[in-house]
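One structure follows; several queries about it will come next.
By letter and in written order, the chains are A, B, C and D; residue numbering begins at 1 in each of them.
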């Protein structure tokens, strides 16, 4: 029997923070989460007012202004940052210094390579501390990185697109089954919650409904995560995101070439073996490629593929819910690993 | 053969203004419309950049800052105001004074009754001029009000909800077929473009998608138009709007009681006779009630009804496209009437 | 500590049956459900193949052909019928005779009044047995009918529309606060899963998307349930359903008149008191009427209302998820009551 | 001034046939189209009943059973086949023999290469006649093939996906700007009307809504058209279609490599020159890639691209409305070319 822990969530008002709050409320080893916001103009509020669907189970949860004292007084064990990149960049070093275990859901701490990180243009108050943390932060995909996560003070929860692509490719790259020099093309499509809760022209219902658009071609920040984690260079991995007229879910269609002599059965066997003990990776048979709806409201990443009859071309499909396995669910999974709980606690 | 006229559109960047621009471009009696905006922060821009779907047919159309001189120099004959209520309230009196025929698509000039108008809280610079114009403005539903529109300097284009309800009820009320004391209930549902192009929490794709909500219960401003035009008092007409997860279209379900002895055939005959010469009112048989898709991208209002076997209860259904018959299409129809063109010019 | 029970589901391939299966799998007092189908042409199959989203948690669940022997051998305690009306009409009497507790999710056993039942045109093999069961079946809304449900052999799970309307109105009618002679109008809107899984022209994506339509005006079968349970006659309650372009969810907008002297605070107090011990009824304050998304994927019915300033008109809004509180969730809740479990078991 | 011609449409009840009918009704050089169906079980019907949105403009149009006599008596000049592949395969040879100009919108006559055609498994009654027609049929993309179309008896209207991909790639391949040996990858996404009007599990609203799925990977029949028209072999072009939760529209994301030394300005210039006289091809600047909504309800194909800073990788995006430029609009455009009208007649 595990003792319970006290989680705190900074940024509980956004889509990711709210999904995380819902998961933590049901987590068997968590006490009621402390909800915080870090916006000058943010009023303290009631979580159930912001997310009426959660009323009943969360009637009494209020969202308070962030303060270190409040965190200390609450006996917080683990701190989730669902904050903008810059805010995470500011809060995480101090949180770690104060002894909290931290799971950051922003893009602040995911990139090890300074050149990749440059696109974020972080302006750190204490560059030395930030740099140390850049080096020690664990990249948060537990299927691939559990030992490092277990020992980390700060886990950088992986990006939603990045999770879908990395989990799909990791097994075959690790197994040396792909002709990587030819280049890997990732054509990904995401629901609108991935763009956040802030109303913009791009997220207006009338603009999105009935539409599809590609964006950030050759320039999406998640591509850096993919390359770093998969050990590919820029020329080897190309990533194009699209905005889908659905509220949530990601499907990535990934174009690769298998090495000479590799058969579909080899590819399938490699995937199944690599993920044999992974609780949230479902490998689908070639009869039915994964679809977005398979993974919605679950912490699963669904992976399947089709190979042309005599090879070498392979189409790999990967689906997940960007708010769960792509964000809040994976954050809980990371917490489970950090604190020694079973990875699936609170997620099935 | 009619000579051509020069239209100008103030507020061409919104949904209504853009739809109007598209209609005017194709109008056989209109020269290329002059496009204007009245926003301090609004940059002059290219219409096709804002609405790329119109590129090709409108490649050269730029949107300029509003100025009376520009209007005069362009030889404008008819001025369409697709502006916020307050802006219309400010521009219309001067436009009329300068001799322009004006069609206003806002709610600024629709209400004759000062008590109804009070909900808008207009702050007129020149209350006397405004008051005179309040009295002389024609309410713009050409099926019901063509003679007045033909002679008007200012036409107040009817509200989208108001058009759907008024057109559905006018025939039976005029024919004395309804038991009005029992009360008329209008339960209406509208697509999101009715809420305008400004991004808000309410129009965010994730909030609207998969949802339905009632709003402004007992307090929607279009209810005043309905009561004034149909000659009903507050107790006789009740209106509830809902926000539908679709980009455009309105369906109003209207609950009435027929007077004793009135049969379904009487109701049908009344509708068909009343609208016998109306080009944009389609009366549907009881076998198939109108649906929103019937009227999309058209200037039609589709009306049909079901009566319970022995009466007196009747469910009346009315559909239209809020951007066409509920706004821009009706504005063109009003212009046609004002300028002596056939009502259908540019609208079929 | 309760012993576990063995549930069986006939018709697990439909939307309702699948949702029920998902709930039963997670129910703390239920063993893995036995899944059955009753279609001549139905092949035994794998539940996770039909509903890939459930793979992982339900990998081993197969759907077998219905047979009484299979039921007996499995040690089934409670039988859920997610079958067409006629099949439920055939299976339920024998199931009850064989000693099973039965929850029927079809419309077969909901109506007490033979005249109302006539619209279904049931052709019973044994009319006497059917008639006895018609009389003894409990109407399955636990908030209103728990004692009868607790003792029943057969529970007729309430219709989705009926649940939304009955729960909204029951408190005020019970409290004598409404002027019922004026007539109650229920304008309801439902997502497409309410129309079932069978592909038809009406459920084709292209026909539904971007559309709204009223249907079965003055003729929907759920109206009979509403009248019987609320004690209203045909003239007192009018019901109009609409098909929404969303996968799931119901919103009912209900028009009533309060009796003279009744204030909004009286109405609110009545609702809160009536449902003070109801686990799945959320009464919302007038500041924010319920929306469909509040209740999705939950077993809650959300109720709220607006009253005009001086009365007597009231707009009552009720929302639920047609597959959960409107079907599978309520079926589990009914089972909980029948078997003496807490009503919320497996539903929070 | 052109004399008017008499068009006939076989298969006017489907989505493509209905869209075509709407276009022909408005075509300045066409008499009211003769509408026919070729289904044993098809009842003659009223077009406006099937497509109520067209009532008013098409009130009197009935759909009759197909018969050669009816065709002859009507004075038909041009025959549009919106029929299943097999029916087109049967009707086209006889129609050509009888002297009609034919535009076939099915896949029956698009493929020149017998090996590609094999996937359709046509069973021709007169293989010799069919083979001759296979050879003489013109592939119907007027931007690329106008002279051949002008002289053809039978035009095989190009597939919707094929049109989007071929138009996007033709200029650069013609100009020799691409490194084709590396392989071209076409990741395309289509709305549901592309799957036809027949209700199936795949087109059920609940299955499509909120979802995205890849299908026919390595096996879609339009890939053959693309390869034949672009002169690529199987290894050079790879095509993956996806089903989008929208009613209409296609977006193709195409991955290519430019030859050494090719700059973005070269690519842009090539596109603009190649399509300088094309009325329905809009080349977009790199500042804004085309989106599906740009092309909806128009006959435009919108093309744009992004190139990585130093090349050679290019992402090419192509959008069109699958029912207009991908089917009915292009069919009218083909007719215009065949009969010597301006390509844009009836299409702007």
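Rule of thumb we're sticking to: a residue touches a chain if its C-beta (ideal position, glycine included) is under 8 Å from a C-beta of that chain, and two chains touch if they have at least 3 such contacts.
Everything numeric in this text was worked out from a predicted model, so none of it was measured.
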A-D against B-D, pair bridged by the larger set of C-beta contacts: A-D
Taking each chain's C-alpha mean as its centre, the one farthest from subunit B: A
Rounded Å distance, subunit A centre to subunit D centre (Cα mean): 40
Inter-chain centre distance, subunit A versus subunit B - centres from mean C-alpha coordinates, in Å: 46
Length of the line joining the C-alpha centres of subunit B and subunit D, rounded to whole Å: 37
Where subunit A touches two or more other chains, by residue: 209-210, 245-248, 291, 293, 296
Complex contacts: residues of subunit B adjacent to subunit C: 182-183, 185, 187, 189, 191, 207, 209-215, 217-218, 238, 240, 242, 244-249, 251, 253, 255, 289, 291-293, 296, 306-309, 313, 315, 317
Residues of subunit A that touch subunit C when the two form their complex: 49, 52-53, 55-57, 210, 282, 284, 288, 290-291, 293-298, 300, 302, 348
Complex contacts: residues of subunit C adjacent to subunit D: 15, 192-193, 197, 199-201, 203-206, 208-210, 245-248
